[in-house]
Each structure stands twice: as structure tokens, then as C-alpha cells.
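Common to both upcoming complexes is chain A, partnered first by chain B, then by chain C.
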Partner chain A sequence: RVSSDGKPPKFQPPPKPVIIDRKTQKEEKRFLSPEFIPPRGRTDPLKYYIERKDMIQRRKVFNIPEFYVGHVLAVTTADPCASEKSKRFVGICIQRGGKGLGATFVLRNVIEDQGVEICYELYSPRIQAIEVLKLEKRLDENLMYLRDALPEYSTFDVNMKPVPRMAHEEIPVNKLQVRMKPKPWSKRWERPKYNIKGIKFELPEHKMKAAQKWSQPWLEFDMLREYDTSKIEEKIRKELSEELEK
Partner chain B sequence: MMPIWTKSGEKHAVTLLKVQDCHVLRYVSKEESGGKTAKLLVGGKNVSPFSKPESAHEIFKEAGVPRKQKVTTFNVTDDAIIKPGTPLYAAHFRPGQFVDVTAKTIGKGFQGVMKRWGFKGQPASHGQTKTHRRPGAISTNKAAKVYRGKKMPGKMGNIYRTSFGLKVWRINTKHDIIYVNGSVPGHTNCLVKVRDSKLPTYKDCNKNPPFPTFFADGDEELPEDLFDEEIFQFTDPSVKFA
Partner chain C sequence: SITGACGAIQKLTRVRVVDNSALGNTPYHRPPKCIHVYNKTGVGKVGDKILLAIKGEKKKALIVGHKMPGPTMTPRFDSNNVVLIEDNGNPIGTRIKTPIPSTLRRREGEFSKVLAIARNFV
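Entry: the complex of A and B
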């Protein structure tokens, strides 16, 4: 296009690309909080259905964010004894336990050289806010070994600012290998029963071999232990999405 | 069992009891039964009629009701008599009431004296010869006999036991579920008898319950969930202390 002035044509930037986030929608739908999946047992499924109704009610009023073991969370709870009546605790989530309304998660932090672990109930009415400060999964689902690791791995700044989530991508897995304090530990983490991949074992070779004596290689082939939750999960996801949209 | 939170943030454990096809089967008057009050026979949980002989079917035929797995008696005053054949619902109880729950405890089989009666047993070492979980002495020298009722090993469990004074926190009228405070004897999905509490402290606790029972005629329309005043309902925002 030739302008009438004789100057070079004005630069027209290319049109902005329209990003259709199909992956994020799929991923958000795919996450199902582990406390919704009922355990294997002889209880009437009606009980789990009624419990789920209560859980959904609570989730409508109070936002429980998606989080895994290894995330750094800040939890504000109501406390009659504290000044300003609320307490804030920042820590790394080391364990998520319990099913149904009694679901819990344990946060760990080291404050003034003292390791502190607090177990919170997800559905307790005392909890006023749960913020996810840092999103990062670890190699294991249970980080109890942080108790025997060097304290630097469990210290998190209490006034940490939330790290923004990068464009709804997959949650990054931190392949950190943690260094441990000298033995004795609270549990023998080198044994195959715990199946821990996140520790840098600095033990001699013969001790690691001796620990393999307790391995049970037949367990992965045991068919009675299999609990296939895919169908149950789909039903629950449908139910959840229907109820939360209402 | 489920947790339940009060408005002050305290947690209580709660047992869910489902009222499954309960019908009144027969009315036995005071003179007939020979007791102090009239009795009502109530049956619960439908079961196939082929599991028991025909002779036991008479009660159910008279009341016009399918065969029930369990039949219990309730001592009832004359003004609380109900016609046989009426169904009983969970809405018979109201939140804030106190209740006694009876059931057969979990059967543990033949058990030793330490598990059954809580005896201390003997030390594990320091020269004990083959004696670690035995009862020890069973009587004195002067008695020259063993008293009746001496605690000894035997079959433990599978007997009726009652937990008294349990508070009713919540009632679900749609699915007929009663939320009762604390634990209840018996295994999951076992048959249980729920009765108004006999404890003297809870004599005057029943504030206007449905008397004689809740009739689902359609006159009274109850909401799906009935809560006690102190329960934290999940529709409210989080608890805050002033």
C-alpha cells in the first residue's frame, strides 16, 4: 500500500493469536480430590453419597484449591485464644489422609530451628482461607521423611509471596533429592516398603543391598489388592461437575 | 461414622443409622403381656419370606406387611398406641432428643481372659514358665469353691448391649437417616434398636416430639434435613470468633 505522503507505510503489527485453552479445561476437570474416592469396604454406598453432598455444600461456600503433596500452602484458621482471633501457618504439605468429611492434610515448617507439623481438616469450619503459595509436586506421595532430612529442606519463609501459576500448564515435578541427617531415622526409609525416590541415600552399598531383603516383589502382581477406581471416579466427577454448576 | 462440627468449631463423631422399612406389627395390651405397660411389636428390614417356616408368618399376614428380619418389643403407654401396619419413619425422632441404642456386639469368638475381661496377665520374662496370659488364682482357700459368675475365658461378643444417652444431631427425612452422637454397638450394616432414653437426666429433654409417631400423610411437610441448633451447617460461611 502506497501512502499519499510518500513516507514508508506504517507498520501494522500482526493480529494477536487467539489461544484456545483446551488442555486447561481438560486438566481442571481431570483433577479429583482424593478424599472423594470411597475406600474399599462393605459400607452402604448411600453413606458416601450423603457425605459427598455435605462436602459439595462446603465447597460451594468455601474454595478448597487443588493441591498435592509437596505444595507450599498458607492456612488461616479461627482461634479464640489468638489476638485478632485468627492464625496463619505456612508449610509444605507432607501428607494427605482420610476420606470423606474427615479428610486431613499435614503442613510442615521449621520455625526458629523448631520443626512444626500441623494437621488440618479440609472441611473444618474453623479454616478461613487456604492459599497455594508454591505449586510443585514431588517424586513421592508421602514426604514424612522430611522429619529426618536436614532442616533446610523443610524451612519456608512465613511471609512468602505466592508464586504465580504459569499459564495453566502441568504442575511441575520437583526432582529434588533430599539429604538426610545421620542415622537413626524415625523410619527405615531405605526399605523398599516405603518406595521413596526423593532421598539421596549416602549409605554404603552393603546396607542398601541388605535393605532389599525386605522387598516383596509379589505385591504388584497380587490381584486381590487391585482397586480399580476409574469407573467410580468418573461417576463422582460427573456428580461433582453437575452439583458445582448449580 | 462421620465428623460433625458445632457452631463453636468443636468436632463430634456421629454414627448414621438408617430406618429401613419399619412397621408396627401387633399391639399387646397390659393384661395380655402381664407387664406394667402395653407393648407394641415392631419389625424392621424386609427379608424374603422363604427364609423361615410358614408358621412364623402369621404376625406379618395379620398386619399386612412383608416378612421382617427382626421383631422387637417396645413398652408403650396407653396414649401412644399405634395401629398395626403403620410404617415408622426417621422423623419420629427430632434433633436435640436423647436416645438409647441397642444392638448385638461384634462377635469375637472364644477369647482368653486378658481380652475378654481385661486381666493383666503375667510378666513376659523373669522366669515365668508357660504363664503369660493366664488368669492366675480363681478363688481363695477358705471359700473352697469357685463362685458362680467367675470371670473366665469364653465366647466374647455377639450379645445385646446398649449405649445410653446418645444425642440426635440431625435427621434426613428423604433417606430416613438418624445421626446419633458417638459410637453404637455392632458392626456396619447391623440391625439396631433405637429407643427414647431412659436416663433420669434426659427425662424432660423431648421438646414436642411427634406423638405418637410421625405419620407421612402429607399434612406436615418437613424439610429434607432437620438440624440441631448447635450444628454448623455447611451453607454458612466459616466460623469466626468475636
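Entry: the complex of A and C
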């Protein structure tokens, strides 16, 4: 720059850094466990309100962490017949079902070449601790096809150390394509009804095309099947945050 | 080919013997099949005794796990597992490597010897 009167140019302070406060932005998208959302039906909402109160009471006493299908969890349950009165099971969550207090999740693991699945109830008083060992979402919400996949995809070490979560607020999606055992499967996973993206289908082309015969492309446009949960979710989130602050 | 059954154990179900007995582990051209369930209903669940046809012989066995989902908090196995047993309840094998549901521990009186040779409990 041309300096005036031979003196150094006037000091210009550097531009102020713009701080984007990500935390306040992300807090709006807080996780709501799927068993809080009441199913579509004609039952009195009072029933779900009472159930939610009980669920919140249990959550105050016992911490149920946020987890999705595909996470590797370790659950310790109380068992009178086991040694030391408690039992620990490590496995990958393949399904979350049920609403309200009967919400369940199924953990699967392969121990000594034998596949074992246990269906736990989230709000059962027998559960003493739930730890999330590995945080990882998968491409589907239902990993039942792991039963027909090669056993290496369901084996998890029982003494696995919990993988530390890196940045808060980001759950990585594992785009793993699983290889399957040869064909007679428990369900025909190639059919579009299951809409599975996480399998590497090594089937011939004509079989994949024949499976598309069972596709129902009109289903996504069916207005009677729509269930918009956004307003219900907001109300429940408000309720939850109020109750948990007390 | 063999289809996967999804029910508890009844007559003519093919089972998998999990202990290390000679009868259970020597290969034969026919898989071991259940021919009778010692139960009021003909359906065997975990902890029931059944009659097995192995290698042309009849042998009693104890069910230690089936493919059918049971009550919540109990394990569900990917194969119908069975442990060979004598008439008085003594197991024939000496070791059971596969995991066994700990609900069997409640009936320690009948199955104490089988539980003694088991290694892992789920």
C-alpha cells in the first residue's frame, strides 16, 4: 500500500473471528428414545401419559444411555442362580421393539461358534447396568439378517474395551455390506419389503429382478399410512426435559 | 436341502449334540433326531428330557437350548442343542463347550451333574 507522509499505514485490527455456537444449534435435535412415541391407535392418551411418568421415574434412578440399532452393548442383569448374582452379556443390538414400559432390545453375539440372542426389557428392574461399548449406526434399522450372515459379522469380544466417543453429537454410520451364508435364509432378504441396504447380495441378476416382482411402489404414497410424529415428539420432549430437571 | 426350523423341539426334529461324547461326535449318514418328548405336551423346551435316535440307537437327552424365542431375558440359540444323558441323569460326555442358559441352575437337583461339566453360562 502507498503510505501517507512516509509513515507506516494506520493499524487495522484483524477481523473478529465468527464463533458458530454448534452446541445450541444441535441441542434442538436431542435424541428421543423411540419407545416414548405412542403408536397410532384409538387408545386414551392418558394411558401413555401414565406409562411415560413411570418410564421417567425409572430413568431418574437408572441411566439408560442413548443407543441405536447396530451399537455394541454390555448388559449386566441380576440373576439369583448365577455365581455372584449377576450376569454380563455383550452383543450387537439388532432390533428395538415395543412401546412404553415393555420396550425391548435384542442383543446378538456368537460365543464358542454358537449364535446367542437375548431379548432384554429396557425398563426391567433386573437390569443393573447398560454400557455402550461401540457407537455405530448401521444402514438398516433391523439387523435380523445377521442370523443368515457369516458368523464373523456377529462375533464380538466379551472383554471388549469401550471405544471412547470422539466428538460429542456425531454417531458414525457404518456402511458395511455384510456377506451372507448360502441361500436357504430364514427370510427372503432380497425382497423389497425388507428394504435392506446392508447386505452384499451375490445372487445372479435374474434372481434380483424376480425379487422386485414383490415390490409395492404405491406404499410410499399411501396417505392413510402416514403417521406424522413431529408434534407429538415436541410435546414429549418438553415433558421429558421438565420432568428430568426436577 | 435342509430348511431351518423355527420351533421348540418335538418328534422328528433334528438336534445338535453339544457335549464331547463319542456317540454325539462320530459322523453318521443320518443326523440325530428326536423320537419322543417326556412331557405332557409333545413340545420340549429348555430343561426337558427327550429320546434321541443316534446311530441306530435310542438315547435319552436333555434340551439345553432351542431356536424358538422363549421368555424375555432368556437366551435364544441359533441351533437346537442337546446333551446326551443316561436314564439316571448322568451325562455321557465330559465337557460342554457351548453356552448353557443359566435358568437350568434353578433345577440344580436334577441337573447338577450336567451343570458340573458345563463351561459357559449365558
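Points to keep in mind about this one:
Note that in this section the second predicted complex is superposed on the first by the 217 of 246 C-alpha atoms of A that agree within 3 Å, B and C clash if a C-alpha of one lies under 4 Å from a C-alpha of the other, contacts with A are read in each partner's own complex, and residues count from 1 in each chain.
Convention: contacts are C-beta pairs under 8 Å (C-beta built on N, C-alpha and C of every residue); 3 or more make two chains touch, one makes a residue touch a chain.
Keep in mind it's a predicted model, so treat the numbers as computed, not measured.
In the three-chain model built by superposing on chain A, chain B fits alongside chain C with no clash. Touch criterion met: A:100 reaches chain B, while chain C stays clear of it. Of the two partner chains placed around the shared chain by superposition, chain C is the only one that A:87 touches, whereas chain B remains out of contact. Shared-chain residue A:78: touches chain B; no touch with chain C.
Once the two complexes are laid over each other on the shared chain, residue contacts for A:150 go to neither chain B nor chain C.
After overlaying the two complexes on the shared chain, residue contacts for A:219 are found with neither chain B nor chain C. In the superposition on chain A, contact of A:160 is made with neither chain B nor chain C. Of the two partner chains placed by the overlay, only chain C lies in contact with A:117; chain B stays clear of it. By the touch criterion defined above, A:184 lies against chain C but remains apart from chain B after alignment on the C-alpha atoms of chain A.
Of all C-alpha pairs linking chain B and chain C after the chain A fit, the shortest spans 10 Å.
Touching of chain A by both chain B and chain C, each in its own complex, is seen for residues 79-80, 121, 124, 126. Residue ranges on chain A touching chain B, taken from their complex, read 41-44, 46-47, 50-51, 54, 57-58, 61-62, 78-80, 85-86, 100-102, 121, 123-128. By the touch criterion given at the top, residues 77, 79-82, 87, 89, 104, 111-121, 124, 126, 147, 184, 186 of chain A touch chain C in their complex. Chain C makes touch with chain A in their complex at residues 1-4, 6, 18, 65, 69, 72-79, 81, 97-99, 102-103, 105-106, 120-122. Chain B contributes residues 2-3, 5, 9, 11, 16, 18, 172, 175, 177, 188-189, 232, 234-242 to its touches with chain A in the complex.
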